[in-house]
Amino acid sequence: MFLPRMTEIPPAVEISHLIKDFKTSFKRQPLRAVDDVSIRIMPGEVYGLIGPNGSGKSTTMKALLGLVAPTAGKCAIFGKDSMKVDSRNEVGFLPENPYFYKHLSGEETLKFYGKLCGIKGAKLRDRVKQLLELVDLSGASHRRIGGYSKGMLQRIGLAQALIQEPKLVILDEPTAGVDPVGSREIRDLIFKLREQGITVFLCSHLLEQVQEVCDHVGIIFKGKMIREGKLDDLIAIEDQTELILKDASPELVAEIAALVGKHAGAELISTGKPRTTLERLFLRETLKQESNN
Amino acid sequence: MNPVSTIKAIPGHVSRTSVIARHAFTQLVRMKVFYFLAFFAVILIASNFFNLPQHEGPESAGVNILRSIKSWSLGAMTLFSVVLSIVATALLLPKDVEDRTLYTILAKPVPRLDYLAGKLLGVLLLVFVSLALMDILMVGILQLRTNMVLTDQMAMAEARGWPAADIALLKAEILAQGPTASLQGAVFSVFLRSSIIASMALLISTFSSSTLFTTIISFLIYFIGHFQADARAAYLSGEAGTSDGILARGVTLLVSLVLPDFQLFNVIDSVIEGQVMPLFIVGKLTLIGLFYAIFYILASWFIFAEKEF
Amino acid sequence: MTQGKKYGVLVLAILAAGGLRLPFERSLTNDLQAANLLPRKLEMRTGEKIGQTFSAVSLGGLRTLIATLLNLRAFSFFSEQKWVDVEDTFDVIVDLAPRTRYYWDTGSWHQAYNAASYYLYESEIPPLRRKLAWRESILKGQAFLERGIRNNPDDPKLYEGLGVLLSDSNKIAAFSSPNEAYEKSYEAFMAAVETGNARGYAKRAALYSLARVPGREMDALALANEIRKENPRLPPTVLGLLYTLNYHEDPAQDVLTLADSIFPNRKIAYEILGNQWMRTRDYFPVDGIARVMPLLEKELGVSEEDSVLKVKLLSPMNPDEGR
């Protein structure tokens, strides 16, 4: 059970044993989009959910936002059940490939979402101005959204998600279809959020990006969570030990190499800078999963 | 523990619903439906300036043009309100789902009932504002034209040396065709009917798969609804009659229970013809309109509440 | 709740809500019918074509507009003298706007007056059939007006229109019995009076019709006296009728004394009674005119050759004559 204990701060996100089936067509076996996924994100963390397209990332997020009802399991935001409206007071959401009302300008869009959250008057004006500056759209604030580029849409979407100063931001593929420059801008924005102590839950299939910004990572594949943990732990190679030496002379390195040679079983693999990438980790884990099946 | 941040206040249902309603209104206005209104205004003004060819004795001269102005105006109001309430309602919901704007709205603390009610009220707000503008135009033109007809007819009656009692009758008859309180009742009935249609279309759109389906079914119900009263009468009067088959009785009962009675709103035509619409009738029609609107919103919510996107 | 269960609950709710509102809607329909805002079912179904009723019901809010447009079409049919089309169009029009007097009035007028006279004088049909077509047309106009009255029992003008049609000298030959026509005309005018909204002329018109029904002279006289009491300034026809009706009651009385009691002076008496004598095609009673006329003429110095009584009179029954 995930009832928050009184002494503990509730986690920003608590997904426990989430299962979601979709009916496909008549009398066919339902499609299991999410299979027993549990995620816990503590306040202030930046969590990246990675997985290929169709692996259940978006469904997990929608369940967390109450847009789909779990077949089994539970989702909660700051301890509040996702199926209840008040769980969404502290959350901002940027859907994948967001579209907004084309007939509104950027500024009107933010005002609309602000009013939905109960922000009014001068506070709303200030907040909208502040966010337009944050996402660098002040110049385009009076243009209709219909004329926005993909990157601008993504940024106004982010601003919209932040309108009520939520403590949790959920981003579904925030850089999908955005050019590298736009992508970098969005990454920088995520850094800014992290600095402000805002919890970020993002999903992406762009691993490099996740590696850059996230401190916790989950790998989801075919609806199942296959690896989860701190990024640093995950990309550490368990049967290897890293010695990081400062100002070591080539003689010292040679001596260490010789020492290693004396121990049976131990082996010096390289003396470079041992680092795997998230990408390699991801491929390794998914391949393992494939061969298990 | 829920730390409250500085800028938010949790808004009530009313204010959130009104935000969504105003937004839907803006959305529809910017879809340029108001061109419809301009078109209407042109027709109305045209019908005022041209005397249509018809037979008029000196005693009925002009009264027909008053009826014609009313027919054109309320006819245009009927068309506009019925088409707009069905099409706009059928369009708004699927459009939000398709464009995924619904995700961003429901991801905010917005109860789904507020969302539905807001969309419906937005459509109704547009219908109301449009009808009010048309009404003002109609009353203005009708007033002008009534004064003209009255002046002409009074002159005619005096020239012919009619007795005072006959002149008073003539005057009353002309004024009855002018802008009366009953005429306002008829315009309000147009709005009430539109609120029934729109809320019904909302319910259909919560489970329909396409805008086209919603539109077609709504129009069908609208037309068949005109015969609900006949089905009801047939069912209620069939109690003693043994000739009615069980099937026929079942069908008439089903029709009268499921479909709204749109024949009630044929009072609009009677008012155009110059009949008086008492206030209590307006009151009862309002009750019926409210009953339908509230029932359909709640039913829509019932279906929409657990819908997944 | 599963999808299926949900829809089940929805259907039940719709049926329950229907059951709740049904009595209310029914009572409202009754209220509307009582206030003449909805047609009563019985009226709607008498002889009307089902297709027309269908369109009339389902065109809520657009009916009078369509009627207006059809009225324009009827006008062009009229201009082209397509009388059958005019008739059909007006049948639809009154179905759409049954409470607009103008349409009943105009539709009837087209048949009874325009079409009738067209058949009689202008059409190319054989002369033998002309009169038949003329007669049929007038009767159609009468029937249409009577239908209008059934739909608008409180409208004085429709009654007046019927009264006028049934007492029209040019039409009277179309009715199988002129006496019956005049009697019906009287009833129509009196019905107009009873609505309380008739113009002052209606009661006099009722008198003119009743005075022409043989055997109803006593009733006519009573009505004439009533009119006289109500209105001291009487039109010539009422004065003339007062004379003939009074004479009819008591032919033995002194005619000059009678005339003096009715007319302002003998010259006026001469003019009014002379006119009445010559209006043979109007079927007005002429009782006692032949007796008083020589006395009046003598007094006014009219020579015997110029006497009104020697003027050649038109035969009343033939609509062709005199044109």
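Note that the chains take the letters A, B and C in the order they are written out, and that residue 1 is the start of every chain.
Everything below uses one rule, namely that contacts are C-beta pairs under 8 Å (C-beta built on N, C-alpha and C of every residue); 3 or more make two chains touch, one makes a residue touch a chain.
The structure displayed is predicted, hence computed values, not measured ones.
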{"item": "Overall pattern in which the protein chains touch one another (line/ring/star/complete/other)", "value": "line"}
{"item": "Chain-chain pair with the highest tally of contacting C-beta pairs", "value": "B-C"}
{"item": "Distance-maximising chain from subunit C - centres being C-alpha averages", "value": "A"}
{"item": "Chain at the geometric heart of the assembly (C-alpha centres)", "value": "B"}
{"item": "Euclidean distance of C-alpha centroids - subunit A vs subunit B, Å", "value": "49"}
{"item": "Subunit B and subunit C: spacing of chain centres that average the CA atoms, whole Å", "value": "39"}
{"item": "Gap in Å, rounded to a whole number, between the CA centres of subunit C and subunit A", "value": "87"}
{"item": "Subunit B: positions in contact with at least two other chains", "value": "306"}
{"item": "Residues of subunit C touching subunit B in the complex", "value": "1, 6-7, 9-10, 13-15, 17-22, 24-26, 28-29, 31-32, 35-38, 41, 57-58, 60-68, 71-72, 75, 78, 96-97, 99-100, 102, 105-106, 109, 197, 199-201"}
{"item": "Complex interface listing, subunit B residues touching subunit A", "value": "1-3, 5-11, 15-16, 19-20, 23, 26-27, 30-31, 99-101, 103-111, 306, 308-309"}
{"item": "Residues of subunit A that touch subunit B when the two form their complex", "value": "9-10, 62, 65-69, 78, 80, 85-86, 88-93, 95, 97-101, 103-104, 112-113, 115-120, 123, 127, 157, 160-161, 164-165, 167, 170"}
{"item": "Complex contact set, residues of subunit B against subunit C", "value": "52-55, 60, 63-64, 67-68, 70-72, 74-75, 77-79, 82, 162-163, 165-166, 169, 190, 193, 207, 223, 226-230, 232-233, 236, 256-258, 261-278, 280-281, 284-285, 287-288, 291-292, 295, 299, 302-303, 306"}
